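What follows is a set of structures to go through.
Note that subunit A is present in both complexes that follow, paired respectively with subunit B and with subunit C.
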Partner chain A sequence: MQLLGHLSADDFRQRLTRGKIPLRVGPYIYNLQSNVPSVAAGIEVLYADFELADPLEFVDYNIAILRNGFLSRIRGEAEFLFDGKSPFDTIPTGQAYAFLEWGMNWCVSLHTNEYLKLHAAAVSKGNTAIIMPGVPGAGKSTLCAALGLSGWRILSDEHAMIPPHTAEIVPLCRPVSLKNESIAAIKSFSSSAVFGPVSKKTHKGVVVHMKADLQADSHDTKNVQARAMIFPRYSKDERQQLSPRPRTDSFILAAYHSFNYSLLCEAGFDAMRTLIENVDCYDLIYHDLNWAVKAVNDLPGLQGA
Partner chain B sequence: MSFLLQQLLLEPRDILNLDNSQITQILSQARNSKLLASLAIELHRAGVDSQLPAVITRHFQSALLIHEKQKRDLAYDVEKVKLALDSIDERLVLLKGAAYLLSELPASRGRIITDIDIIIPHRRIDKAERALNETGWESSHINAYNDRYYRKWGHEIPPLTNTKRGTTLDVHHNILPPTAGSKVDADLLFENLREIKPGIFTLSWQDMVIHSATHLFHEGEFHHGLRDLWDLNQMLRDFPDRDPHFWDGLVKRARDLDLVGSLFHGLSYAQQIFGTPLPTWVIDDASDWSRRLRKPLMDFLFLRAFRPDHPQCALRWTGLALNMLYVRSHYLRMPIYLLLPHLARKAWMRRFDDGEPSREHRESEGV
Partner chain C sequence: MKWRSDSVGRFYDSNESTVVYFDSHSGDTHLLSEFAAYIMQQFAGEPLTTEELMNKISPEVESGDVSDLRESVVGILEELFALDLLKQE
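And now, the complex of A and B:
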């Protein structure tokens, strides 16, 4: 098995420029191409321990971030390409790395429907996983990063993918996206976190990605059983608490956080029902990451974790 | 000049002979031509989908699920539009994708739509717009120049968007702008409607074919060129089986609508790209010396436009051909004394302030 980090720096840059970096990410293969230095630097740091797929394998998603021509260099612009076509406006080169990660999310959000997909972070210990759905800004990525730095395995920062008829999560480990204040919060939480390039002034503010494959089993492909669903909410002024919430109400909220619940129709309802019946649901209000990590660690009923 | 996607739509079994890198290409081309679900259905009909590995079929399944969801949404939205039009005693007449899907024509197999197109007699359009506004279909935010442009020179009003569901509704009163070289008498279209469900109508089969060809050859952008030609091919293979007189009056009808040129090109490119079987006398009847004379130039342009919008499929001069077609589409739509100020204004707005939502906003929903 060849890891991306096994390539020499020169070999890596050459392959990336020519679009010959087929990375295995969970159940998918992304083929990456870029001639933008910050994108290359980010991939080199954050994906070093990812497996390079055999060049003869089928590729799920072809992605490129390219600067073409003199004018786009002068203007500091690059283009995100999916299937050779640009679905977005041109992007400032300074934000190119963030767009690579968003583009990789976008592929899964729009083009995969073999799983029920929740907009959620997911972490695990042993064979026990926790799903953390949340709207942007709820603090799910921050909590996910903190748990990842505290011995939990990060299954995904963005998509919890659940095969219908199961309460399992398909691992889709990729760097965790941190925004604005949460960057400093994670830096002060742990000095061992590894970061990629900083993208400033994006429509979400300052964005930085954190290396997420920190455990020996980070790249295992076997599904992991979900036991709990936590709805995190960052709040400075409220009392921190982890409190159980009813299943029926959690069903509706989880459906709201799903990318494809209504698309899957009846199968989506059945998949969600199976999932909700098999997990305990909680609300988590927090502002201190150490407190929140301890609360999750102490969660009742996570034997084996 | 043939390319993989075209070959597989016609001979789905050939996918079994492709290697992984070719299948990667096919998926990429089909996805960006909006033909992935159509290809999925052709593979299924040929019984080859079950012989492919799951890592590949999951993409076809996903595209089919999106297609199924669109069909459900369409049925719901169309019912709501119908209620609005019922309130002013106007018939609901669907065009293009919505018409194919609700008529369950072979052209609807895997068909992806981006909006719902309907047509209403010009004299009723203000009343219809008000009735639709009252039921939650609102004019999108476009600037004053574009709004005026639509209303004065267009064959449709500015697109309406459903405030709750986000669906886009295009309300036409003709199939070409009044400024176009071809003068289409829209009243003729309303004479031959087909009722496909109680109170829901489409154009007649002949008019559907003529409209599809017209749309194709007046468009300025060809992102969906191949998909639209596939629609036409599917219809031309299907209608003659259902109606033995389908071919009889087709060219005459196109002549009455002043659209015989578009029909000629539509028929000939469907035949050239997808091998659509056509009676020789029909194509002869639609042809004339000037069309025959221009055919080599048209081939240069359109055989490029009908390839997937993918770098792997681009030929030499593809960029030039697409630019020429963009200009062509404009001079077909309006005389030069209107066209030049319009293009200048558009370029100005693009450069400085267009006041319209950016491409990112329109296309990245779901990120």
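And now, the complex of A and C:
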């Protein structure tokens, strides 16, 4: 098995420029191409421990971030390409790394409907996983990063993919997206966090990605059983608390956080029902990451996981 | 006038005060009170007038006052109609 980090710096850059970096990410293979230095730097740091797939294997997502021609270099623009086509406007080069990650998310959000997909972070310890759905800004990625830096395995920062008729999560470990204040929060939480390039002035503000494959089993592809669903919410002004919430109400909220619940129709209802019946549901209001990590560690039924 | 449901509805009841209802006709999912879900279940396969519905549920629903029960049922029927879960014919 060859990891991306086994390539020499020169070999990596040449392959990336030619579009010859087929990375195994969970059940998928992303083939990456870029001639933007910040994108190369980010991939080199954040994906060093990801496996390079065999060049003959089927590629699920062909992605490129390219500066094409003199004018785009002068203007500081790059282009995101999916299967050679450009689905978005041009990107300021300074935001290119963030767009690479968002583009990789977009591929899964748009194309993968064999699973019930929740907009959620997911972490696990042993054979027990926790799903953390949340709207952008709710604090799910920050909590996910803190848990990852505290011994939990990060299954995903963005997509909880659940095969129908199960309460399992398909691991899809990729870097964790941190925004604005959460960057400093994670830097002060742990000095061991590894970060990629900074993307400034994006539509989400300042964005940095954190290396997420921090555990020995980070790249295991076996599904993990979900036992809890936590709806995190960062709030400076409210009392921190972890409190149980009704399953029926959680069903509706989880459906709201799903990328494809409505698309799946009755199969989506059945998949969500199976999931909700098998997890305990909680609200988590927090402003202190250490408190929040302890609260998750102490969840009933998860001790010793 | 009869009330009817065009949906082969699906329910998720975890014995809480609310029930999840999937409307197969629209594809929408609703959070209903237990009583509203119970009323929706009465329409499986057959349209009913308000009176027929009252006759059907009265023996099963504990209520000290039938007029109170009727008022509650009519209110819920109107809400289910407003949500497009029930139709009138």
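By definition in this document, the second predicted complex is superposed on the first by the 303 of 305 C-alpha atoms of A that agree within 3 Å, B and C clash if a C-alpha of one lies under 4 Å from a C-alpha of the other, contacts with A are read in each partner's own complex, and residues count from 1 in each chain.
Just so we're on the same page, a contact is a pair of C-beta atoms (placed from the backbone, for glycine too) under 8 Å apart; a residue touches a chain by one contact, two chains touch by 3 or more.
All figures in this text were calculated on a predicted structure; none of them were measured in a lab.
Of the two partner chains, subunit B is the only one touched by A:Phe58; subunit C is not.
Of the two partner chains placed by the overlay, only subunit B lies in contact with A:Lys85; subunit C stays clear of it. Within the superposed three-chain model, A:Asn105 lies in touch with subunit B and out of touch with subunit C [touch as defined at top].
By the document's definition of touching, of the two partners only subunit C reaches A:Glu277; subunit B does not. Legend: residue contacts after superposition of the two complexes on their common chain; A:Phe259 is shown touching subunit B, with no touch to subunit C.
Residues 262, 265 of subunit A touch subunit B in one complex and subunit C in the other.
Those residues of subunit A lying in contact with subunit B across their complex are 27, 31, 56-60, 62, 83-85, 87-89, 102, 105-106, 109-114, 259-260, 262-265. Residue ranges on subunit A touching subunit C, taken from their complex, read 246-249, 251-252, 255, 261-262, 265-266, 269-270, 273, 276-277.
Of all residues in subunit B, those touching subunit A in their complex are 19-21, 23-24, 28-29, 31-32, 53, 55-56, 58-59, 61-62, 65-66, 68-69, 72, 309-312, 358-360, 363-364, 366-367. Across the complex, subunit C meets subunit A through its residues 10, 12-14, 16-20, 22, 24, 27, 29, 31.
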